[in-house]
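Chain IDs A, B, C, D, E and F follow the sequence of writing; residue 1 opens each chain.
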Amino acid sequence: MSEHTRLQIGKAALAQVDGSAADSVMHSLETIAPDVGKYILEFAFGDIYTRPVLDLKHREMITITSLLIQGDTAPQLDVHINGALNVGLTQEEIIETFIQCIPYIGFPKVLNAISTAKSVFVNRTA
Amino acid sequence: MSEHTRLQIGKAALAQVDGSAADSVMHSLETIAPDVGKYILEFAFGDIYTRPVLDLKHREMITITSLLIQGDTAPQLDVHINGALNVGLTQEEIIETFIQCIPYIGFPKVLNAISTAKSVFVNRTA
Amino acid sequence: MSEHTRLQIGKAALAQVDGSAADSVMHSLETIAPDVGKYILEFAFGDIYTRPVLDLKHREMITITSLLIQGDTAPQLDVHINGALNVGLTQEEIIETFIQCIPYIGFPKVLNAISTAKSVFVNRTA
Amino acid sequence: MSEHTRLQIGKAALAQVDGSAADSVMHSLETIAPDVGKYILEFAFGDIYTRPVLDLKHREMITITSLLIQGDTAPQLDVHINGALNVGLTQEEIIETFIQCIPYIGFPKVLNAISTAKSVFVNRTA
Amino acid sequence: MSEHTRLQIGKAALAQVDGSAADSVMHSLETIAPDVGKYILEFAFGDIYTRPVLDLKHREMITITSLLIQGDTAPQLDVHINGALNVGLTQEEIIETFIQCIPYIGFPKVLNAISTAKSVFVNRTA
Amino acid sequence: MSEHTRLQIGKAALAQVDGSAADSVMHSLETIAPDVGKYILEFAFGDIYTRPVLDLKHREMITITSLLIQGDTAPQLDVHINGALNVGLTQEEIIETFIQCIPYIGFPKVLNAISTAKSVFVNRTA
């Protein structure tokens, strides 16, 4: 597969997950680190998100769990809570994903993620 | 719901996920911190794992992601890779869950989790 | 012990630590994840904070250390620095707790915690 | 205070906490990074452990909490569980310190710390 | 070496890295935890930054990597991106340092660090 | 650039850093997750390590810092301490890199990294 193709495939995958957030991240990287934007498209979305075995709903469930657990990722969690909703997870499933993390990381990071989710949910209905 | 009931419900939930590992963890806590075993049964399994909205396959997918991301959790990852297989995730889905984490945490912790999975998979077929 | 009792006991324990912060956290969870509020009351405060062997001053010392070390917990650290003062730790003991963490986590997270403490101390005297 | 004095003070403080473990850590650093041993004595033990406001029991309680939360610190936790016992914390207070961390970091790292404590407790009675 | 000398040496080292940020951090610690400011000067800058083998450019490269990886360190990363530029790293080398971290920690924390760098770069040309 | 080319470039870059460790990692992934090995070659080594601006010595200095700070990465640190030596960093520079991390992450993880380095240095002279 050519690099050009990976970029195209990545753009298509990211568009399914969160088109407008993607544009905004790519735009902010444009003058300072455009290759990082390219790697996100080619590698994260082109290579990984398009793999078989798990669908986009499962992939977003894993992604928001990853972001909650490692912490200090509120902007990325905002993008991927939106992405999770876009690919078909419900608000209830997103909150339930966070609740399942409590026994493994405790309450503070779960409260942070719920707080980010709350503002995403409010913004989408606004 | 009485505390006794939560304990019973937790035991039943844990038995579905991984009965023999559970026995072994509870046994190792018995003399030193038996209440921690009780909280794992009552709270983690009794309260959380039995909640609606997500099934046990999703819960184990979230759990193994949590354990991979935070790191230094090989013994718990061993238990829950077994648990994931017990509730119906395939080996391919488990490895794919770990691969989905690469863009969010990099290669080292994913390699650690794959290495734990490899030894679990081998032991189960042995 | 019935679940109702655990909830009552947890509410009483949390009231000792930080009544108004508790109300505010519970209120913010009400529409989006009320069960998480319930678990904080029942499990964190009902089951754990009320255990024997360590008093509330020691428990808050351990809690603020936990929050400092894991990072990305400024809102929770704000609540528990207030809680630590409420149960009788002095400002000097709280800062000294943070200083004891320097050899084990380095300066950056200690500076973050001191900065949160500074704003809590100022707000309480205002 | 001269550097020589800081080194002497640090050695005395470390001897109170855990003389033999200290010798072993310093010995292992001797050929590869002797200055790190010097900084541990001068800065961690000479400057920090000897400060007023908190006694050695509180300092070890904070230290073992720090080590549990950040994870991947089993050898250091072994040293400081021994140190905690040496300065007067009981086995029950050490386990209770770990239990207080559950709401803030979840079960896996608490189980790891309890497992290290168990082997320390057994070795000391052997 | 006397403590007074370590303080002087530390002040000189910090002045090379980032004089105005240093003043601001020390000033903010003055009323609440002045000893922490003293330890940053004496130990971090007096003892560590002035060591041989690595020059200040390498030390700042290691420091900004440390801050990116552990996360929740935006204020410190701001200081040390400025410091890195002050001791002679170029904007391109700083961004490239962050890009080298992608395989080891994934995209989210690298995006956070790039975002902090972007605002530092803009402020310095303003 | 074609994917085939990226793979070839990645293999060449990895061979410069650590040929035998690479073979061993790829071999261990072969039956369980061969694509992860491919991504390490194509993305980490093909795309990232071969970028301009920083040479391989700087890249390995950043990599071993990343691994030290995040923790639970002893096997990867072993590979990259070897890699650092292979591309021309001295033993003194590697230890000094770790010492520079002390003010930013504290002693425990630095001691872990020094312990891994010690065994790598001994094995290479054996």
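Here, contacts are C-beta pairs under 8 Å (C-beta built on N, C-alpha and C of every residue); 3 or more make two chains touch, one makes a residue touch a chain.
What you see is a predicted model, and the numbers here were worked out from it, not measured in a lab.
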item: Most distant chain from subunit E, judged by the mean position of its C-alpha atoms; value: B
item: Pair with more cross-chain C-beta pairs in contact, given B-F and D-E; value: B-F
item: Gap in Å, rounded to a whole number, between the CA centres of subunit E and subunit A; value: 30
item: Chain centre separation in whole Å, for subunit D relative to subunit C (CA means); value: 24
item: Intercentroid distance (Cα basis), subunit C paired with subunit B, Å; value: 28
item: Per-residue overlap in subunit C, given as positions that touch at least 2 other chains; value: 35, 39-40, 43-44, 51, 67, 70-72, 76, 99, 101-105, 107-108
item: Graph class of chain-chain contacts, one of line, ring, star, complete, other; value: complete
item: Contact set on subunit E toward subunit B in their complex; value: 101-108
item: Subunit E-touching residues of subunit C, taken from the complex the two chains share; value: 71-72, 95, 98-99, 102, 107-112, 114-115, 117-118, 121
item: Interface residues, subunit D side, partner subunit C - complex; value: 40, 43-44, 48-49, 51, 53-54, 58-59, 61-63, 65-67, 69-70, 76, 92-93, 96-97, 99-105
item: Touch list for subunit C against partner subunit B, complex; value: 1-3, 6, 35, 39, 43, 47, 51
item: In the complex, subunit B residues that touch subunit D; value: 25, 28-29, 32-33, 35-36, 39-40, 44, 67, 70-73, 75-76
